[in-house]
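After this come two complexes, each holding subunit A, first together with subunit B and then together with subunit C.
Coming up: the complex of A and B.
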């Protein structure tokens, strides 16, 4: 049983276009049976924040190749990627590397 | 590998064995002390400081080992606002302000090309973007130039002519140049030290630079509406996104080179990253530009003669660039591009990007393998050293023509003759030439003499004859002829 969590989700590098241009979101995740991890967070974002073009952000159960995920300013590869368990006040940053040059 | 009886009915996609993932509890692979923040390549975890050293070192090493940029040379930095070129500008900024032994020694200027018209941006959005750009440009302290894409209409035809061959001197020239530059600086420092001993050598250098940062250029107001409309029409008449992207790139390149020539820059630096160049290599193969891969993706591109394009970021992956920019607060401005939000199959560029990146996610050495392959590509002259006359060049991309103009037997020859039957563009027709091709379809392929006559009668064919294969294929997707590109029609005559 996971308590509600408050996390900061930020979108940069062009991903924000899919979220109506809003870069920073203060998100309160409701309490639920399973603990919150990045996998669940992505599903939650898809259902609650994503305005359009899901396939440009999520592919399968992970982010689209080319989108970096930083958790508290660290590469998510160091923290278990999709399996990382969210903590209260974590900052999750999604940066698209595909835009611009 | 393949065996009789092996069961292919199993899971459709066999996952590669995953390498053990570095975790936060491990230490930085370099210094063995710091807490790692980023994973580079396949499993190397770096801490913040080691990552910075690694990143900066790659940039300096790329410039240093190629020895193309001479001390005091004027170099134009092509900045798009995006992460890679912003990172490049930042590296140059930091490199110029370092202590004297390791300081970069060239004189930069920055150019931003406003491509809002190609992306369909409204004038208000364009003005807003320009304000953001101007702010960043001014903060660098370099002379800067802000040019709208509409300026292509003011390009002289000389832009499409390859200038006299470049400045690659003998082997020792670089070392000599650096030594004499250093001697000069020591002499100046010695004089300066008598007057103002407290000024650090670095500041002394900057004060003596002959360019004036106030000599920056920006258009007084928005470009003429007629030009904007003509360019919008031009891009609107292009049938495929692939051709649009190629057209935009061609126009942008010519504009950048023109600005470089006008202001005396002998080098242009672009921010193409490793990932982008790997994608570009594969894309260009698909576009029929296989003959020019070495120029399109190599460190230096001397096809234009007097101005050389260099790519100092070509060893940095997009992931490294994005991390560096985030960790060290490099300013960049996001602008929508021509392919923003386009679906995956919208163009060859997008398709190839998706292909490479998806492959990279499963096989993390994909991009570096393609990159290493591109490093092995050699720029061989077409006719060998014995060629006395300059080989003909493509009108649009300036590469040596890769096609046999007398080729009539292949399907490609048929394609070309089909193009010559096309209605030539209105502006060219107005120039007084008859629009009637002198040969009936099918006959045009047969004789060289017939083709010569066709050239005189049909300016459309004349232009096409001077294009390389890749550019010809793109031309097919353009509307009724290159109506918006007067440089091409003038030069083609």
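Coming up: the complex of A and C.
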């Protein structure tokens, strides 16, 4: 049984527009059988935070192309992507790449 | 009395000279453009810059403040003088970037931009002036830079970077700066840099945010390592739709110039393998660590599949410009032109005009008789907004002559959101949330209204 976790979830680069413009969310994830990883964090975000147009954030079981996931300021690719197990007080940032110039 | 007369005479003289000055400025702008050769069919042939053994007395004076920096010194300045930089995009990022590179004494700047200067560019594209509106940005930038530093060789390319020309062009330069404004060009520039073995300093900006990193430098990741798949076209926002503050592109362009200078002078960049995020609203910089080069990357991996430049517009499902897209969600019968709507308005036929733009755009300009409900409220089926709309429809029906059709015309800035709104209103009437009513949208929106019907209506 994994204990409840408190994590900071942030959306930037325009992703926040899918979350009513709110960039920072202090989130408490309830205790559950399985450890919390990014895969089930995405499901939790989809069910609890996402206001509209899910497909602009999630495709399949991962984030859509063009969104970079950062775990404590490091590219999630360095930490196992969807399989990274969340720790209490982690900072998870979802950032859309910008293309304007 | 005499004093009063002198004031009047001086005022007249000042006015006369101001007029003369303004006419001189116009002639200067025209002459600067005259100086430039017409756009060649093929990229200008440029020979390698000769190596330089020493700085002249004038150069020492000009660059003295940076020459006394031990990290740069004479050695670094000599390297800058023989360095060439290709700048892809002479817009909000490219202008400040090119300006600082020219000021610092970089030997040659290639300036790529297919677009022309528009008034809405001037708030952030600081090399272009009012007098050059309508002229090619590449030439306008080159003219500005020559005035700043005549020793820097500026090579304008007033054409789009294409898969046919990119590789040849990139190979002629030492460092490449991606200052473009669209996804296909970003993949094109990346692949050309990987194939040609050139470092790529890449920045972007939108609204109050900016991002900068260095790709394909000394074994670091390339753009495709980090973004193997392009984003869905409908998730990409351009500066015209999303807005951008000029200072934000300015800050990013300057950071880009710094990275280019450090690479060109041999100091090495700071953001290879990391991405700097700038949040101008919070005044916050955050540097995050990116992944390493991916062995399975399609461009720079061990067995690359990108061995040639491809069709990047097809790969990304979008065009290589930042111009607004035109959606086609409705049939022609569900749409009217601005000319049709103008006739309808003049005839006094009862109808409801629904403006679905965000409040911030309605604050800029509006048609006074329109009811305003933002598309976002309709998408959410906001009860307050639906009540307002329902009342407006019922009121319209009361006022309408017997037998007159009950119609709603939906308008927005360009005619994309209005189509989405028509789809929603059709659903709402079918579900009997709203009274039966015919809903159509106005093709081209308020910008078409400004262009074709009312020349005094603002364009933005």
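Worth a mention:
Here, the second predicted complex is superposed on the first by the 97 of 101 C-alpha atoms of A that agree within 3 Å, B and C clash if a C-alpha of one lies under 4 Å from a C-alpha of the other, contacts with A are read in each partner's own complex, and residues count from 1 in each chain.
Just so we're on the same page, contacts are C-beta pairs under 8 Å (C-beta built on N, C-alpha and C of every residue); 3 or more make two chains touch, one makes a residue touch a chain.
Nothing here was measured: the structure is a model prediction, and the numbers come from that model.
Following the overlay on subunit A, a clash is recorded for the pair subunit B and subunit C. When the shared chain is aligned, subunit B comes close enough to touch A:80, but subunit C does not. Of the two partner chains placed by the overlay, neither subunit B nor subunit C lies in contact with A:40. In the superposed model, A:66 lies in contact with both subunit B and subunit C.
In the superposition on chain A, contact of A:13 is made with both subunit B and subunit C. Superposing the two complexes on chain A places one region of subunit B into the space of subunit C, and among 2-10, 362-370 or 434-442 that region is 362-370. Across the two superposed structures, the residue set of subunit A contacted by subunit B and also by subunit C is 12-14, 56, 65-66, 68, 70, 73-75, 77-78, 93, 95, 97-101.
For subunit C in complex with subunit A, the residues that touch the partner chain are 89, 91-94, 178-183, 186, 203-207, 209-211, 226-232, 234-239, 242, 244, 249, 275, 277, 279, 286-292, 322, 379-380. Those residues of subunit A lying in contact with subunit B across their complex are 12-14, 16-17, 53, 55-56, 65-66, 68, 70, 73-75, 77-81, 93, 95, 97-101. Of all the residues in subunit A, the ones that touch subunit C in their complex are 12-14, 52, 56, 64-68, 70, 73-75, 77-78, 93, 95-101. Touching subunit A in their complex are the following residues of subunit B: 21-24, 36-39, 45, 80-85, 270-273, 275-276, 318-319, 321-323, 326-327, 332, 334-337, 340-341, 344, 353-354, 357-358, 360-361.
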